[in-house]
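Below you'll find the structure I mean.
Here the chain labels run A, B and C in written order, and each chain numbers its own residues starting at 1.
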Amino acid sequence: MQRDDTPISKKKFMEELYRYKKGSVSRRHFLGVTGLGMASAVMGAAVPGLRPLPAFAAGDIGDRVILATWPNYHDPANFDAFTEATGAHVQVNVFGSNEEMLAKLQAGGSGWDVYVPTNYTISTYVAEDLIEPLDTSRLPNYDATAYDPRFAEAGSVDGTLYAVPKNWGTTGLAYNSKHTDGVKLDSWKQFFDITKESFSGRTMVHDYQLTTIGNALKYFGYSFNSVDPAELADAEKLLLEVKPHLFAISSDYQPAMRNGDAWLTMCWTGDGKQMNTDMPEIEFVLGKEGGELWSDYYAIPKGAPHMDAAYALINFLLDPQVNAKEVLAHGYPSADAHTNALLPAELLNDPILYPAQELLSALEFGAAATLTDPNRAELMARFKSA
Amino acid sequence: MTQRTRNLLLLAPAGTWFLVMLIVPLTVVLVFSFGERGASGGYVPAFTLEQYANLPARWAAFKNTLMLAPIGTFAALVIAYPLAYYLAVLASPKWKTMLLVLVIVPFWTSILIRSYAWIFLLGGRGIPALLELIGIEGVRLINTPFAVLVGIVYGYLPLMVFPIFVSLDRLDKRLLEASSDLGATRIRTFLQVTLPLSLPGIATGSLLVFILLMGEYLIPALLGGGKVFFVGNALVDLFLQSRNWAFGSAVAATLVIIMLISVTLYMRLISKLGAQREDVSLM
Amino acid sequence: MRLYSIFVYLFLYIPIGVIAVFSFNAGRHASQFQGFSTQWYGKALNNPFVMDALQTSLTVAFFSALCASLFGTMAAVALQGIKGPVRTLFDGLIYIAVMIPGIVIGIATLIGLVTLFDLVNPAIAAIWPEGAKPPQLHMGMGSLIAAHTMFTMALVVIIVRARLAGMDRSLTEASSDLYATPMGTFRQVTLPMILPGVLAGFLLSFTFSFDDFIIAFFVAGSETTLPIYVFSSIRRGVTPEINAIGTMVLAASLIMLITAQILLRRGEKRKS
C-alpha cells in the first residue's frame, strides 16, 4: 500500500535508528525525529491510519473469534468495543511459553483464529506450515512503513508477510525495593546471588526455557541464545543451585509479586510497568549483562475456523486509537509511529518502556534455534523436576 | 440367534470402543516409545531403545511421585479413618446420611476450584498472615511439598472416607459389645475387631487414592509452584512444551508398567491378608 | 471423636466458604475483600464463553454418560452368560481402563487419534467426489466424548455387574421356565433389578465427565470445557468471576442432591 504522507521514510528511519544506537543522538531526539515521540503527536492527527473504524454489520464475521495470547497483554475494554462493533465475542486463551503455543498448533485442531507468536518463532511456524500468509488488503489499518523495522522484520519470511507487529519489549527483572535495604538491583548476577541469600524463597523464574536458561547464561556473560553444551552446563548448575531458594517456577508472577509472597522475578516490560504503576515499590530494571529484546506479532494459524473474524480483529487492534488504549493498559511499547503519536509524553519517556540506550544495545533477540533445541528443552525439564 | 451370538452382539459396541479408544492408543504409545523426536518436535519412526535409556533424566519426577503418592494416600487414610469411624459407629442414625452427604458434597466441586482456594489459604495473605498475628513469622506454605500434600488430602479425602464408612457400617455392632463384655479394652477391641473388619474399606479407599495420585498433575501444578514435579507434570511438559512425543511415550509406558506391577502386588497382598481372615470378604 | 469430626468438616468447608465469600468481592483482585457486590455473578452469566464452556461440558457429560451406561450395561449383561477367553479379555480391558491414570488416557488418546486421523483423512479425501470438500476428522467434541465414554463405560460395567452378581439367578430361570422370551425376561426381570445400578452408573459417569480436566486438556482440540476455562482463568490471574462460577456449580450440585433426597424419601414413604 503506497503512502506518501508517512512521517518518516524507512531509510531515514534506519539512519536515525543507527545514530540512536551509536548514541550520537538522544532518545528524545530519536523519538522526535522518527515520529515515535511526542513531536509526532501533531503529525499523528493527519495520518491516514487514524481513519475511523470500518463498520461491520453484526453477524458479518460470525459471532466469535478465538485469540491465543499472553497474560496481561490486552485492554479488556477493547474487546468489548470489538464485540459491540462487529457482534463477534473474543475468547482469550493465555499461554506461558512459545513452546506451549507451538505444541498446541502442532497437535492440530487448536481452533484459534489469531495468535501472538514472538519474533524468533515465526520462521519455525512457516517451516512447519502452521501459519497463514497475511493478505494486507484485508488489514487496511496496517501501515508497514510506520513500524520500526527492527520490530517488524521478523513478520516476513522470504518476502512473504506472515505476521504484523503487536508490541515489543524486554525481559528484565522486577523486585520489591522494600526488601533490599536501599540496594538497587541491576544485574542477572545479583538476581541469582541474592536469591541464594537474603531473597531465599522469594524469587520467581519463568516457566519458559528461553528466558530462564537465557538469563542464567547471562550470569556467566554467555549469549542469551547459547546452545553450546559447556555453557548450558554452567547455566544448569546455577539453576539447580538456586532451585531450592525459588518461590516458584511460573510465568504468571503478578499475583505473587502483588500480594507480597514473591519479592523478585524475571519480568516482561508491561508486567513491570503494570506492577510499578500500582505499587511503586516494585521496580523494573534490565540486567546490565544483557538479556532478551523481543517483538510479538499478530498472526493467523493455518486453517483458522473464523478467518474473517481473525482479519477483523487484527485490523481492529492495529487501529492506532485502539492500539494506544492497549499500550496504556498493558504498558508494552508499540513500534507503530501512528500509535505512539497518540500516547502521552510521560509514557514515551518512561524508562521501563524505553530503557536507556546502553542497556538496550546489550540485549539480544531470541534465536530460532533455541525454540526447537532438544538440549535446552531437556535442561529445563531437569531443572523443573530436580 | 443362539445365546452366544446374542452375547457377542451385546459385547460388540463396548468391545469396539475399547479397541479404538484404549488398545489402539496404548499400542501407539508403545510404538512411539521406541521412536525418535522430530527436528522440531513430534515423532519420527525408528526402532531405538534410546528413549528408555534416557529415563534417568526423569528419575526425580518418578521419585517424587513414588514418595508423595504413598505418603498422600497414608495421610488421607489417617485423617479419613476416625471420621469414617465416627460416622459409621458413633453418629446418631438420624444425622448419619446427612453427615455422609456433607463429606461428599465438596467432591462435587471441581478439584480445580478447590485447589484454587488453597492457593489463597496457603499464600502470604492466608494462613501465614494469621500465624503472624500470634507471633509466628516467616512461615511459607504455598509452593512447597507440604502444600501439595494438603491439596492431595483435601482433594481425595471423600474417596477414602466413603469405602471405609461402608465397611464399618456393615460391621455388626454386637461384636464390639461382645468384645467389651469380654473385658477387652477399647484399644484392644479396635485393634482386634474393628480394624481387621474395616480392612476391605481401607484397601479400596487406598487403591482409589493411590491410582489417582500416580497420575496427578493439577495439584502439584497449582499448589507446588512448578517446583514440585510429578510424573504427570513431566508428561504434560513433554507433550505440551518440548513436544518430545517419543520420550513422552516412553515415560507414559513406564508409568503404566510401574502401576500395573504395584497395583497387582498390592491386590495380591491384600487378598493374602484377607485369606488369613475368612470372615473378611474383599472388595 | 466428635470434636475431631468437627475439625475435619471445617477443613472440608473452610476453603469452599472462602471461595463463596470472595465471589461477592467488589474488587478485581481475588485476594483482598473490597466490599460486597454480586457483579461477578452477572459477569459470569453474561460471559458467552463461560456459557459456551458450560454447554460443552454438559453436552459431553450427557452423551458420554448415555453411551457409557448403554454399552456398559449391554456388556455387563452379556458377560454374565459368557465364559472363556472373551470374558478374560474383557476383564483385562476393564482392569486396564480403570487402573490407567487419566493423564495417560489423555496422552494416548491424543497421539493415537492424531495418528489414526493422519491415516484416515487422506483416504477419505481420495474417495471423496471431485469438487466437494472432503470432511476432515480432527480432535474436538467427538474425541472428547469417545475418551470419556471409554473410561466411564468400564465403571458402568463394574457397577452393573456387582448388581447382577447380587441378583437371584432363580428368578431369570423361573422366567424362562415360564416360556418368557429372552427379551421378555430381560425387560420383566433383569432390567428392574439392575436399573438402580444403571442409574448410579449414569450419574457417576456424568459427574466424572463434567469434572474431568486432564483428559480434556489433551483431547478436547479447540473445544473449551468448563474445567479448561477455569484452569486458563486461574493462570490469567484470577478475578472473582471464577469464584462465582465455582459457587454456582456447588449450589447446583447441592440443589440436585437435596431434590434427589426428597424424591427418594417420598418414594419410600409411598411404598410403606
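Everything below uses one rule, namely that contacts are C-beta pairs under 8 Å (C-beta built on N, C-alpha and C of every residue); 3 or more make two chains touch, one makes a residue touch a chain.
On a predicted model such as this, the values are computed, not experimentally measured, just so you know.
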* **Chain contact topology (line, ring, star, complete or other)** => complete
* Most heavily contacting chain pair (counted by C-beta pairs in contact) -> B-C
* To do: Could you please state the distance in Å, as a whole number, between where the Cα atoms of chain A are centred and where those of chain C are centred?
  => 40
* Find the geometric centre of each of chain B and chain C from their Cα atoms only, then give the gap between the two centres in Å, rounded to an integer. => 18
* Residue list for chain C, restricted to those that touch at least two other chains -> 30-31, 110, 238
* Got the chain A residues that touch at least 2 other chains? -> 259
* Which positions in chain B touch two or more other chains at once? -> 123, 125, 239
* Which part of chain B faces chain C closely enough to touch in the complex? -> 3-4, 6-8, 10-11, 13-15, 17-18, 20-29, 32, 43, 79, 82-83, 85-87, 90-91, 97, 99, 101-103, 105-106, 108-114, 116-121, 123, 125, 154, 157, 211-212, 214-215, 217-218, 222, 232, 235-236, 239, 245, 248-249, 252, 255-256, 259-260, 263
* Asked: Which residues, counting only chain A, touch chain C once they are in their complex?
  -> 63-64, 66, 71-72, 89, 91-94, 96, 107-112, 252, 254-255, 258-259, 305
* Structure fact -> As the complex stands, chain B meets chain A at residues 37, 39-42, 57-58, 60-61, 64, 123-125, 140, 142-143, 225-227, 229, 233-234, 237-244
* Flag every residue of chain C that touches chain B in the complex, lowest number first. => 1-2, 4-5, 8-9, 11-16, 18-19, 22, 30-32, 67, 70-72, 74-75, 77-79, 81-82, 86, 90, 93, 96-105, 107-113, 115-116, 146-147, 149-150, 153, 157, 182, 207, 211, 213-214, 217-218, 226-227, 230-231, 234, 238, 242-243, 245-246, 249-250, 253-254, 257, 261
* In the complex, chain A residues that touch chain B -> 97, 99-100, 102-104, 106, 124, 127-128, 201, 207, 243, 246-250, 256, 259-261, 371-372, 374, 377-378, 380-382, 384-386
